[in-house]
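The structures come next, written out as structure tokens.
Look for chain A in each of the two complexes below; its partner is chain B in the first and chain C in the second.
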Partner chain A sequence: MALFDVSGYKSHAGLRGQILGTGVGHLVDRPNQEFAVPVGVDPSGFLKSCSREGGVSIDLNHGTTTLAFKFRHGVIVAVDSRASAGSYIASKEANKVIEINPYLLGTMSGSAADCQYWERLLAKECRLYKLRNKQRISVSAASKLLCNMMLGYRGMGLSMGSMIVGWDNKGPGLYYVDDNATRLSGRMFSTGCGSSYAYGVMDSGYREDMTVEEAYELGRRGITHATHRDAYSGGVVNLYHMQEDGWIKVCKEDVSELIHRYRKGMF
Partner chain B sequence: MFAQVYGDNGKMKEYHYSGPVEHRFSPYSFNGGTVLAVAGEDFAIVASDTRLSEGYSIHSRDSPKCYKLTNTTVIGCSGFHGDCLTLTKIIDARLKMYKHSNNKSMTSGAIAAMLSTILYGRRFFPYYVYNIIGGLDEEGKGAVYSFDPVGSYQRDTYKAGGSASAMLQPLLDNQIGFKNMEGVQHLPLNQEKAVQLVKDVFISAAERDVYTGDALRICIVTKEGIKEETVPLRKD
Partner chain C sequence: MEYLIGIQGQDFVLVAADNIAANSIIQMKQDQDKMFKLSDKILLLCVGEAGDTVQFAEYIQKNIQLYKMRNGYELSPKAAANFTRKNLADYLRSRTPYHVNLLLAGFDETDGPGLYYMDHLSALAKAPFAAHGYGAYLTLSILDRYYRPDLTRDEAVDLLKKCVEELNKRFILNLPSFTVRLIDTEGIHDLEKLMPVGAKLLAPAPSS
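And now, the complex of A and B:
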């Protein structure tokens, strides 16, 4: 068939070989996927050079503010929901949190396609880990898997800033992973173009012994104020709380309503 | 187009030789066109104009951009026509393979997830195509999935893509999403109103976007099957 080689289909015989025979010792059986690369050009600069010639303008969905912090009663995760393509708002209700399993969440910032693809692949690897080892993967291991995936494509123009949040045997876990394969464990992170604003709000209101309601309010405020000042963030605040028995989705509130509420309190 | 000839001070710009300029072959070209999809309670509509242009020329007035994939799914592709054709060929091939391996047709959600990985497989040399899938999900409700050129996607109720998308999307936000309207009843969209809205919206797009016009092809997906309708638009 004419387009068989490029269609991305893997035949059953090939897959069986990988699972049973030849794939021993492979933790990540990702060598399946091949990426087409433009010939003779640096991939990261290629798209930029093609734009603006003859009306061609390939804009990819981008931009965000996300934040997460640990406190006494778990981890709070808050994200905005705007996806921009150039100066056009491609979506007002993008979903920037991937629910990997009931004990693991991943946030997405940067290029939407990169985040969706690699975190979906991470979800697959976490599931395979559980099936092979009969126990849930730790947050540390999950973030390391994602980090190693990024390392393989370092310098090729991927754009991803993600936080892996979970609860395992060691307690609540929060890791920051980005497209340079940086992997950091910490108590508080914020990513995306609105992150500076979110850090300011979080730093001024954070206490380790906050109540749960105070923590929810801090997460909401961080995102709301960031969307107020950053052009590439907006939409709704999606708030999650990672507890010992899994995550819960707390709320989904429109930023314009929230900023009016906070303004009334300000003056 | 004339505005570029005059500089900021109102005088004509001077053109002079500023040194050797490197021209490179560009693998992409922009062929215009607008696609739109709307999901209803038990139907989905995918519509596109039929103009194929390049630069200042019109190559064809009868080149629709909606392609039927299965009995319950239609895809609209706009951007670079060459990539649209290849992409639809690859999707058709993968659908056939799935049908032969699994003895059933792919659902709309599955096609959307598959398209995301097909597009991401070309992350470093993308398909210059803006895709929108419209169809019925497993429960028979309308579903619309919109994509960017490298595969990021999400499910929507309505979406416009292509050259006039920035003009149409706010209109749809207002008429279907009831955004920025106070004290209005949020009535659910029925099929007749949706089709009429799509026609009106494309007529507006053809007025103001040079790459949109000639004719409108509407595909209405219901559990009975896919119905096609063609409506003339401005040809200028």
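And now, the complex of A and C:
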């Protein structure tokens, strides 16, 4: 980065090189990801001033619902598509799933900018890994890379709740990674402010031995019922199925049609 | 929300931790292991702020292993505890302090068993028994009442069960299962998971 070189900014990685000696250069497969930030910039202080009364309210709630769960035939990923800025709906067809490679998906909730940037950076790192090591990166390693990116910006106001879904040598993989560098492996996760509603529907309808169609229906139901109750979720349900030979996009259905189908008696 | 407990006997240390990984009001994971193996005879139990716990514990874990690689021998539990405390203290007054509460349990060939209590302000104390979390308010008195320095392994497990039953009875949060481990001269042993009767486990324990 031009500014980086010109500014004479001394990175801690350079210092580490002096202490450990050269030759440890490529033990860790991570490039220098620091931004050349001018002295005195305090992102977290700035954000604090914006999110209370008296200033412009940049409401950093994770305004979304996304869910993913493992079952006998792979992993189902379902997300909504509403992008909100406070009470304004910025987009009704936002894309909240990033297709990293044919065997890896990432979901996004939280600040759209943060999610898009960091997950695209993750996609770049996964591609570099494959080129350097001649094998696809594991889901565990990919999620750890993202987690460490979050760790580097701890306390600076990043907002990202993401699930990394894939299929590697160890079978189907599902990891939850968020902006405070939490990384959890599990069978079922839901993120965003509509997640509690999605958990309710998923937990009561989940069985490990579901058929593929039943699993698709559970994913659709989870998102639909969450969008019904949560103001910051809506739009369409984007449904993906991660199988052994890669992911497939199953469907894209409008939640208002789905909710009318499900709650026939109500309306 | 999270709970850690340690009980030191004459030639062993018994430790237990709950298994819930939570995010505000949601239980995200019911089989989270909060114990980190620092060496063959040292365990670090770590709870606190999301993200900080795993990152700090893994950082200490890798540094302890690096020490062994560089110097050819392992740190004793006392040295490991003081090393951990120093790191926590150094980060305390930085821009990014680690908000974690720890128990370090280990067995030393010369000093015997040791249990070290450490809190987020980097206070370190060697104690015969200790607990972290809201659950500690309910269980420390049980430990005060029934602890003896010459507890056998079975008696210590019974004392642990008493504490867990009390949590199940009086603590408002549902903590359905606890990982239990014992450290003695032979190393770290996994004991049976404690699942208090009546507490609800959400889904059948997954195989992963």
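By definition in this document, the second predicted complex is superposed on the first by the 207 of 267 C-alpha atoms of A that agree within 3 Å, B and C clash if a C-alpha of one lies under 4 Å from a C-alpha of the other, contacts with A are read in each partner's own complex, and residues count from 1 in each chain.
By definition in this document, a contact is a pair of C-beta atoms (placed from the backbone, for glycine too) under 8 Å apart; a residue touches a chain by one contact, two chains touch by 3 or more.
Quick caveat, the model's predicted, so the values are computed rather than measured.
Put chain B and chain C next to each other and count what each touches on chain A; the higher total goes to B. Using the contact criterion defined above for the overlaid structures, shared-chain residue A:Y199 touches chain C, although it does not reach chain B. In the superposition on chain A, contact is made by A:L151 with chain C only, not with chain B.
In the superposed model, A:R183 makes contact with chain C only, not with chain B. Within the superposed three-chain model, A:D114 lies in touch with chain B and out of touch with chain C [touch as defined at top]. Once chain A of one complex is fitted onto chain A of the other, the partner contacts of A:F46 are limited to chain B, with no touch recorded for chain C. When both complexes are overlaid on chain A, the residue A:D245 reaches neither chain B nor chain C. Residue overlap on chain A between the chain B contacts of one complex and the chain C contacts of the other is empty. Of all residues in chain A, those touching chain B in their complex are 1-4, 6-9, 12, 33-38, 43, 46-47, 49-50, 53-61, 83, 85, 88, 90-91, 93-95, 111-117, 156-158. Of all residues in chain A, those touching chain C in their complex are 150-151, 154-155, 176, 178, 180-189, 195-196, 199, 203, 206. The touching residues of chain C, when paired with chain A in their complex, are 21, 23, 25-26, 28-29, 32, 49-52, 54-55, 95-96, 202-203, 206, 208. On the side of chain B, the complex with chain A involves touching residues 24, 26-30, 54-55, 80, 86, 89-90, 93-94, 97, 101, 116-126, 128, 146, 148-154, 156, 165-166.
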